[in-house]
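Got some structures for you, see below.
Consider the two complexes below, in which subunit A is the common component and subunit B and subunit C are the respective partners.
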Partner chain A sequence: MRREIKDKTRKALMAISSVTAIAALFGIYYYLVKESLPAIRSVGAELFLSDQWYPVWEPGEYGMRALIINSLIVTVLGTLLVVPVAYFIAIYLHGFATKKEKSIVRRLIEYLSGIPSVIIAFVFLTYLSPIFPAIGIYSPQNLLLALIGLFFLTIPISTVLILESLDSVPKELEEASAALGALPLKTYMKVTTKAALPGVMNAIVLTANRIVGETIVVLLLGGGAAMVPTKLTDPFKTLTAAIASEMPEAAKFSIHYSALFFAGLVLVIFSTVFELTSVMLLRRSRR
Partner chain B sequence: MRKFILTIAFVSLFAVFGFATALVIKGSNTMLDIAQLWVEEFNKQNPDIKVTLEGAGSSTGIAALFNGTTDIANSSRWFKDSEVQKMFEMKKWFAPVLVAWDGIAIVVHKDLPVKNLTIQQIKDIYTGKITRWNQIDPNLPARDIVAFSRNTASGTFEVFKEKVLGDEKMSPRVRMLESSMAELETVAKTPYSIAYFGVGYVDQSVKVVSVNGVMPTKQNILSSKYALSRPLFIFIDVTKGWPEEGPVAEFLRFVMSKKGQELVEKAGFVAALGQ
Partner chain C sequence: MREIDKSRIAENRKTRLALRILTYIISSLIVALFLLAFVPGLKYWSWEFFTQFPKERMTDGGIFPAILGSILLTVTSLAIAIPLGVLLGIVLSEYNLTYIKFAVTILSGIPSVVYGLFGLGLFCITMNMRTSILAGALTLSLMVLPVISSSVYEVMQAIPRELREAAYALGARKSEVIFEMLVPSVRNTILTVSFVSAGRVIGETAPLILTAAVFYATQLPKSLLSPVMTMPTHIYFLTAAYGSSARWMAEGTASVLILFIILVYTIAFMFRREKK
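Moving on to the complex of A and B:
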């Protein structure tokens, strides 16, 4: 009887937690849409079509096409940079490293993943940024610097996630592959990776989401120019950087304020699209 | 164990409420150096008043005054029309106290052989009409101009926009930086660069150019001969009347005292009373 009550209480607590999480998610969507409406009504399609981001001018202009494109550029380039490196580190740790090596490196990686992004941004700003002018690139904060910062920020979490999914594959699969004559690297890359694909996909999506939502690194290392960069050494500004730097000054309920909420809505939509794409790809790969 | 946790909780509560902050100052990044000197000296004279100071831009300070999250807003600019409008709507009244004078210095990398720029040339640089130094003078290097600006929360940005850009918009190629100190450090290490910030931040690592042939000296700033002179303010909420006593009144009295104004000069700015 007592065990039954305990069990029911646990179930109820779990149900409440799930409902709260879902309600919070819908709440965020609701408020983002609600606060974005004034900007959508007053600015309309220009929000997407124009590059003119002049929110503090009279009259203000709220074209965030460049900010949106920059967020996508950073996410795509960042993910392309991080995931392959994280994957090879994970493969090495999974199959080739000794137990002791694996344990030390894993601990270190987990520790690195806990370093606040502002520290990474600050270190790169202080020590790496001055190198650019010294080698003839007269833009000390730029896309390349931000990508390097994002790389160090996301590589630990991406590696840990990929490693966990590789480690979760049953050993028998790898043994069977080896028995058929496949070399270890081929086994890990073809057999283990295929079996661990859902976890690897999840790691890629989480990496992309981490990059698209990253604020402080792009704010401090990006240079804050609201234009689409044409080369890696150009400065740029993303949606998150605009929200972080401009929200404190935006008068409440002004169009600027509403446009920044719209920027938040676009970011949430990006995250949702990444998530759905990964689900679709996963389904296709299972067929 | 429970007793230990309770003790910790009690001590934490005491730490939070027992040493509560009595005076909060937020706002202008330009005025941060002066404000730090003020707070240091004020704390010596009034050890019972705990002061917290934050410089995140004049707009941020004024926004905090509206939200009631600061007692004093430092501002390197006058109110915007939208803020005056908001005061009427919210039935809040903020009073300005002129506490210092400043000139927005136009600085370039120290190796750049440029001595003077006109307001029109600065405007052309920041709106993107002039992109290379030799477009200003054929003797200057044929290199791209690397222009830096304070971010839009800054009062310095607002004054620059009003006095230099007018109705025209800043080129998106201009790099926005979060603080005057960041601008100073970046210009010092970036060849062919230009930036603007309060004269109090200038040091030997950068070169100040004259504007319309006038240097931002103390006399030129006070007489407004320097085109980019501006007053620096403290804004306080006087909706419930002018504070005659309490931390805000004490602090204002100190700021306007001989000592407070000496500290303005020590920080590299010009005293409001023209010492």
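Moving on to the complex of A and C:
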């Protein structure tokens, strides 16, 4: 009898955890859609088509195109900046490093992944940002500074994921390549990388997802102008930055409030697409 | 023949050196980042800094409410997230339910600020918790749920099938195999992931701005329904709203926060090493 009760209780607990996960996913989508409906109804297609983001004016303007484009720009540039560096560090750790080097660098990277983004933002704002006006650049917070911050934020996840996929390639492949006379670098870049390609692509996708959702670094280092930057030294604002900086001031259930939920909806669609891509890549890598 | 080999060896040496330099440069930049975040704030550490409220428009006093708030939020959210996350990891590993796996994958990618929006809509407004520890903790616990469950899932997958089969052969039920054999054998991983999640939670800023944190609390939280100050949001508010007059306090807070993070991660890694 007691055994029966224990069994039932444990099953119930596991069921609760599963229901929580499913409910969280549906709940997030449900709430984002529900709360953004007023903005969709009253602003309409202009949400996507206009660059005019003046939510505190009377009447307010809620064109999010620049915010969306900025989120994409920073994601593409940030990924392009961090992935090659992460890739070559991973190649070094995979094939050239001594055991000790590998474990020290890995540990260092793991600790870096624990530094809160607000601290990364604070350090760059304090020590790097004042350099820009000194060399004649008008905005001390800008796209370049944000990209540098994002580089340090995402180098851990990017390096570790690429390294793990390189390390999972069977040694025999590399030995075969070496036996045919290829130098180590050629082996790692052509043979190992090719065998690990889905894993490497997955690392790129997850890095991009980390950047598109990053808030505080972009908010504090980006300068917060709701326009599309034309050069690296222009200030800019993303969807995430708009949500975090404006939501505390937005009146409950106003159009502004609703428009920020819409920004969240766009973000969660981006991240869902990234995660789906990642799932497909991982499925392919397992074959 | 010998000459060709020599040039190839030299070429390989050059590549190795170039890659080593790159790795060392990035590593030392990471170390520099740590030092810049940690060292400048050390000089503000004092008894007062740890035990007092901020005073005189952030130019004096300490960060006691922020430290307390961070600890309260971390403990509360982990108290919710660890049991749920471990159970969810078990379900992922021992029951082949594709749609739950799918849901967890999607959840793991959702930006923290979106969790904040969700928490604001559901917990703060609809469930009327307002800006409070409980609303923030519930939000953060949902955020780390996928982190905890995927780690538990992975380590349970690594347990050999034979062990499970042996237990079944002795007449154990599925739930008994799971809770009396598998869970105890992954205890260290559960501890590791708990501390790693604590590191994640204690440094989180954006969702807390939306759900739990206030810029300045005049008194300590009375219950789970009170708003709090936390270390990361304190740094954020000081940086965003105050100028150079409050920089010292942001530096001091950053160094305390880094100390917490290093502590938490070191404990996490200790449990992992024990396993090996």
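One rule holds for everything that comes next: the second predicted complex is superposed on the first by the 252 of 287 C-alpha atoms of A that agree within 3 Å, B and C clash if a C-alpha of one lies under 4 Å from a C-alpha of the other, contacts with A are read in each partner's own complex, and residues count from 1 in each chain.
Basically, a contact is a pair of C-beta atoms (placed from the backbone, for glycine too) under 8 Å apart; a residue touches a chain by one contact, two chains touch by 3 or more.
Treat the numbers as computed from the prediction; the structure is a model and nothing was measured.
Asker: Once the two structures are overlaid on subunit A, check if subunit B and subunit C clash or fit side by side.
Answerer: Aligned on subunit A, subunit C clashes with subunit B.
Asker: Could you look at A:K11 and tell me whether it touches subunit B, subunit C, both or neither (first, second, both, neither)?
Answerer: Touch status of A:K11: second partner only.
Asker: Given the superposition on chain A, which partner contacts more residues in subunit A: subunit B or subunit C?
Answerer: C
Asker: Of the partners subunit B and subunit C, which touch A:P248 in the superposed model: first, second, both, neither?
Answerer: A:P248: touches subunit B and subunit C.
Asker: With the two structures laid over each other on chain A, which partner does A:T240 touch: subunit B (first), subunit C (second), both, or neither?
Answerer: Touch status of A:T240: second partner only.
Asker: Using the touch definition from the top, say if A:L220 reaches subunit B (first), subunit C (second), both or neither.
Answerer: After superposition on chain A, A:L220 lies in contact with both partners, subunit B and subunit C.
Asker: Counting only touches as set out at the top, which of subunit B and subunit C does A:G264 meet: first, second, both, neither?
Answerer: second
Asker: After lining up the shared chain so the two structures overlap, which partner does A:E46 touch, if you call subunit B first and subunit C second: first, second, both or neither?
Answerer: The answer is neither, since A:E46 touches no partner chain.
Asker: Regarding the shared-chain residue A:E275, is it in contact with subunit B (first), subunit C (second), both, or neither?
Answerer: second
Asker: Intersection of subunit A residues contacting subunit B with those contacting subunit C?
Answerer: In the superposed arrangement, which is not itself an observed complex, subunit A uses residues 219-220, 245, 248, 252 for both subunit B and subunit C.
Asker: Report the residues of subunit B in contact with subunit A in the complex, numbered from low to high.
Answerer: Touch list, subunit B to subunit A: 56-57, 59-60, 63, 66, 82-83, 86, 143-144, 146, 151-153, 158, 161, 169-170, 172-178, 186, 189-193.
Asker: Write out the stretch or stretches of subunit C touching subunit A in their complex.
Answerer: Within the complex, subunit C contacts subunit A at residues 8, 11-12, 15-16, 19-20, 22-23, 26-27, 29-31, 33-34, 36-37, 84-85, 87-88, 90-91, 95, 97, 99-100, 102-118, 120-122, 125, 142, 145-146, 149, 173, 175-176, 178-179, 196, 199-200, 202-206, 209-210, 232-233, 235-236, 239-240, 247, 250-251, 254, 257-258, 261-262, 264-265, 269.
Asker: Report the residues of subunit A in contact with subunit C in the complex, numbered from low to high.
Answerer: That would be residues 3, 6-7, 10-11, 13-14, 16-18, 20-22, 24-25, 27-28, 31-32, 34-35, 85, 88-89, 91-93, 96-97, 101, 105, 107-112, 114-123, 125-127, 152, 155, 183-185, 206, 209, 212-216, 219-220, 240, 243-245, 247-248, 252, 260-261, 264, 267-268, 271-272, 274-276, 278-279 of subunit A.
Asker: Which bits of subunit A are touching subunit B when the two form their complex?
Answerer: Residue list for subunit A touching subunit B: 51-57, 61, 66, 130, 133-134, 138-141, 219-220, 223-227, 235, 237, 245-246, 248-249, 251-252, 254.
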